[in-house]
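One chain, subunit A, links the two complexes that follow: it is found with subunit B in the first and with subunit C in the second.
Coming up: the complex of A and B.
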């Protein structure tokens, strides 16, 4: 290429802003966060001291931490699987030459536009025990006799959150799946047809295996990203009842900015980081290598 | 007879069946949004009706007028300001870095990209604590800038990622030709590379804007003045307490704060999806 390679000054100028932001606001905070997990840091205290593994010991013995971790994995795991199944189904459906399929696609994608805070209010209204749409519709069709206590019963509240997470993940996953489906060369499918494959055989033996890796990668990405999502439980259920919808990110946030226990919050964050690294290693080993 | 029946199925049943299921799934998926709009347009008396009424017997904008006040205008203004600035900063900075990563021989390139990708999932509370201390020391807490920084930081990695994958696909020959003609590097970047990467730039900027519009927790912990509250912060901090059982009012506000993003998306959706897909699937 032209003399770009030797233009060190240009390279520096191009990279400087991002390097600065990443170093000061990502790398330093993470490193400092991990360090804080070994101290008793709190903004309420002028000086913090090193306490070794005390925070970790405390956390491992804390029932709430394990409950929160369990909740998070359950909610995100089920929501991602649900969203994935629906998205693949929708993508297969809309990939057919149906009239208005472009319109359907963009309408479904609109759900991605609704802000989380709006979803939180909306979900509170839809799942309202006495006047909500869900109970109203279920009663209308005679599916339930007594109103379901969606948000004040632990298991039900978890399902309300799961449905929301899944609903919110569908548009994006569907779009990726559609792109993957359109990437399959028609020759492969034609060949299968010439060999006498029926639609379902073609779908399960040819199409789905071909998009398997992209699907898995997209689902894992979406799942990992959901770990950061806390607006919904924060506003809708405040983590309750009895911590049943308390997710890891919200737990860590509350420890930090409600109890002002930066040290313990940092410990939760650091353990989350460890999980992320392990997950990343798994992801690289299994998913990326096959791609 | 059997042949005609199967022909009948092929000609009518399958296409109409597919059409019906596509229509139904779409309606079910967007039903929460329809319900939101429907509730916001109802008269107080119809809101609690059973069975649920989807189409109000009488359209009423009362609730919109009831909630529209200085507070709503203020949170909308704050959110637009913060989201716009974050979108501009994150996109421009990200694009410059992406260009460098795409065209220069930088050691450890794939590691850098992997780091950017994985930062999608970083524990945000962990970032926020040190940022909080840092901003406190700099005297930047309780300013627009603190939120803009927060939102830029959590989205910058994605903009770099999207832009890099897109710029990789632009042939270098165009830039080389321009260089031979005597154009300066910044002219090349701003007048050749950026215009060619419009879908990716749009996708990045929109992604940042939407993320910022959604983000509650930086605003919640960095901001203490009621005047600086963004949409999510304002709603969760004061509106929800004030309008607790006023469902038509709450749904009207929900519609109002969704509209800005909705409008942007109606116009830019195609380009957004093109940029997103080119950036993520290729990677």
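Coming up: the complex of A and C.
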């Protein structure tokens, strides 16, 4: 019988276009970035030279790098967890046949199609010290006397960024989790009810474990997506005050296009790549369960 | 009062009435099978008994308690579903423990009950496996185990064997029946498979279009169906139906099928001349005759199942099936003379489909 496996040449030819695209657009940039991290590449220098681990040594000794790494993990970690909790709650609500659930679903999903830059400007106004919705509302209900500088105080600014990140992530996570919820066999839920489970027992012992894998994978995807995103801190706080909202993506951008230190920016990127790959592998290995 | 009592149960989804005025009594320890074609409302009725659906009208009593408005967990029932409905993230043991843990049963008792059920169902080697690591039959046994451990007052089965292959289905049928015999549990079992109904039931409830058509033991329904629907639904191959006009000549009574064919009817049927009727005859009651009769047909197919041999033939537009002696020397294309066993003839009205004479 004819099998494609026997025709090695044809097989290779068929794989060529995909291999070419992956090589040019993924493998080469990554390899080039990693290589660059071992050089002193900069547009201000006509020629770059190999410097070994110098960039890494420099970064590990740099307090700002560790602060930025801490900020990134804190902001993205908390934003992902927050977005997950709210999305699960919304998905559970919308999965019950409540009135107008289709309308709510589309309204919530609208957030997903709004560009990051618009969100940054929108939340910039919401957190505006003098005219913002947050201060306005808090003052109106007498909860605060003096206006709060949301974006000009380190901790507050971090929480403002966290809220924006979470808000933007909710529609994606909610849609994924709603799809996962709708994929659960109604018989299994009926069985739990016959077995005597109350609503919350059914939710925590059956529903959530059954969507666990999908929601954790979605959270991982969304977390990685947020790692790459710099529009929010860039527009809202410019990484300040005192670098408190500086995240890795913006930090490497600044190194590359503010300080013109391509090599150091590439080092940040390479470390970030290794960190995410290791984290992703560990996460999928330990958190995703056998079913 | 009976063990399970359904009174005037009705159910509508929006404007569609899926159950109409259902009244049914089930005795303690009885194995009651609800049977009917797809969409007849049997599964909805079972879900109402389980508490997974609320009836639009009527009441439901289990052990003399009105449970109509109680939630499933307060009814002390257990249910086995068509697709097993096992919790995929839990092992077999944990699946079986699930309900007991929710009831806050002591750990030692849970272990005892689960081990006992596993022994009965031969599930001991699989207790630490996940459902996906089991075969269809094993999964269905786990589902039964999950039901047994709770020692419910009522077992509900919703087409539990329909996902299994034919051989396994026969095996599981016997297992469920022997389990019922061993546990002496009141059981309501839903199926669309009339063979399952006939072989397992103490009492069969035949349903169609949201109504109970007839209730009785398997043989009662087989021998004395109330109407054409029950007669056709039960029995495989299906009952033969002859539609024709009654003719009386020289005190002999015939059913005229067409110009050349007629079926001799026994005396005492009280039929009028020219009355249009349908005569039902099970394949076992329609025999090949060695004498020349006015009921001749050509053999289309001969089906030999090993235990029985069926001959399929046609008269006009009527398809016939008769069970014959396997040693009889006939072949496809042969013209055969058929004769009917008079005592097994059933007379139905063509207009209403109802049985005209109940007992021969």
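In the analysis below, the second predicted complex is superposed on the first by the 264 of 291 C-alpha atoms of A that agree within 3 Å, B and C clash if a C-alpha of one lies under 4 Å from a C-alpha of the other, contacts with A are read in each partner's own complex, and residues count from 1 in each chain.
As a working rule, a residue touches a chain if its C-beta (ideal position, glycine included) is under 8 Å from a C-beta of that chain, and two chains touch if they have at least 3 such contacts.
Given the structure is predicted, the values throughout are model-derived calculations rather than measurements.
Asks: Once subunit A from each complex is brought into register, does subunit C clash with subunit B or fit beside it?
Replies: They fit side by side.
Asks: A:144 in the overlay: touching subunit B, subunit C, both, or neither? Say first, second, both or neither.
Replies: Touch status of A:144: no partner.
Asks: Contact-wise, after the overlay, does A:15 reach subunit B, subunit C, both or neither (first, second, both, neither)?
Replies: First partner only.
Asks: Using only C-alpha centres after the superposition, what angle do subunit B and subunit C make about subunit A, to the nearest 10 degrees?
Replies: After fitting both complexes on chain A, the angle is 80 degrees.
Asks: Once the shared chain is lined up, is A:230 touching subunit B (first), subunit C (second), both, or neither of them?
Replies: first
Asks: Does subunit B (first) or subunit C (second) touch A:114, or do both, or does neither?
Replies: Once the two structures are laid over each other on A, A:114 reaches subunit B alone.
Asks: Based on the superposed arrangement, let me know which partner A:278 touches: subunit B (first), subunit C (second), both, or neither?
Replies: Neither partner.
Asks: Quick one: classify A:53 as touching subunit B (first), subunit C (second), both or neither.
Replies: neither
Asks: For A:30, decide between first (touching subunit B), second (touching subunit C), both and neither.
Replies: first
Asks: Of subunit B and subunit C, which one contacts the greater number of residues in subunit A?
Replies: B
Asks: Please work out how little space separates the C-alpha atoms of subunit B and subunit C at their nearest point after superposition, in whole Å.
Replies: Closest C-alpha pair between subunit B and subunit C: 9 Å.
Asks: Which parts of subunit A are touched by subunit B and by subunit C alike?
Replies: On subunit A, no residue contacts both subunit B in one structure and subunit C in the other.
Asks: Quick one: in the complex, what on subunit C touches subunit A?
Replies: 47, 50-52, 71-73, 77-79, 81-89, 98-99, 102-103, 130, 132, 146, 150
Asks: Can you list the residues on subunit A that touch subunit B in the complex?
Replies: Within the complex, subunit A touches subunit B at residues 1-2, 4-5, 7, 10-11, 14-15, 17-19, 21-22, 24-26, 28-30, 32-33, 36, 43, 90, 93-94, 96, 98-101, 104, 106-111, 113-123, 125-126, 131, 133, 136-137, 139-140, 167, 170, 175-176, 179-180, 183, 214, 221, 224-225, 227-228, 230-231, 234-235, 249, 252-253, 255-257, 262, 265-266, 268-270, 272-273, 276, 280, 284.
Asks: Going by the contact rule set out above, which residues of subunit A touch subunit C in the complex?
Replies: For subunit A paired with subunit C, touching residues are 185, 187-188, 190-198, 201, 205-206, 209-210, 212, 289-291.
Asks: Taking the complex as given, what residues does subunit B use to touch subunit A?
Replies: Checking each residue of subunit B against subunit A gives 15, 18-19, 21-23, 25-26, 29-30, 32-33, 35-36, 39, 47-48, 50-52, 93-94, 96-97, 99-100, 103-106, 114, 118-134, 136, 149, 152-153, 156-157, 160, 172, 175-176, 179-180, 185, 210, 213-214, 216-217, 220-221, 231-232, 235-236, 240, 247, 250-251, 253-254, 257-258, 261-262, 265, 269, 273, 276-277, 280-281.
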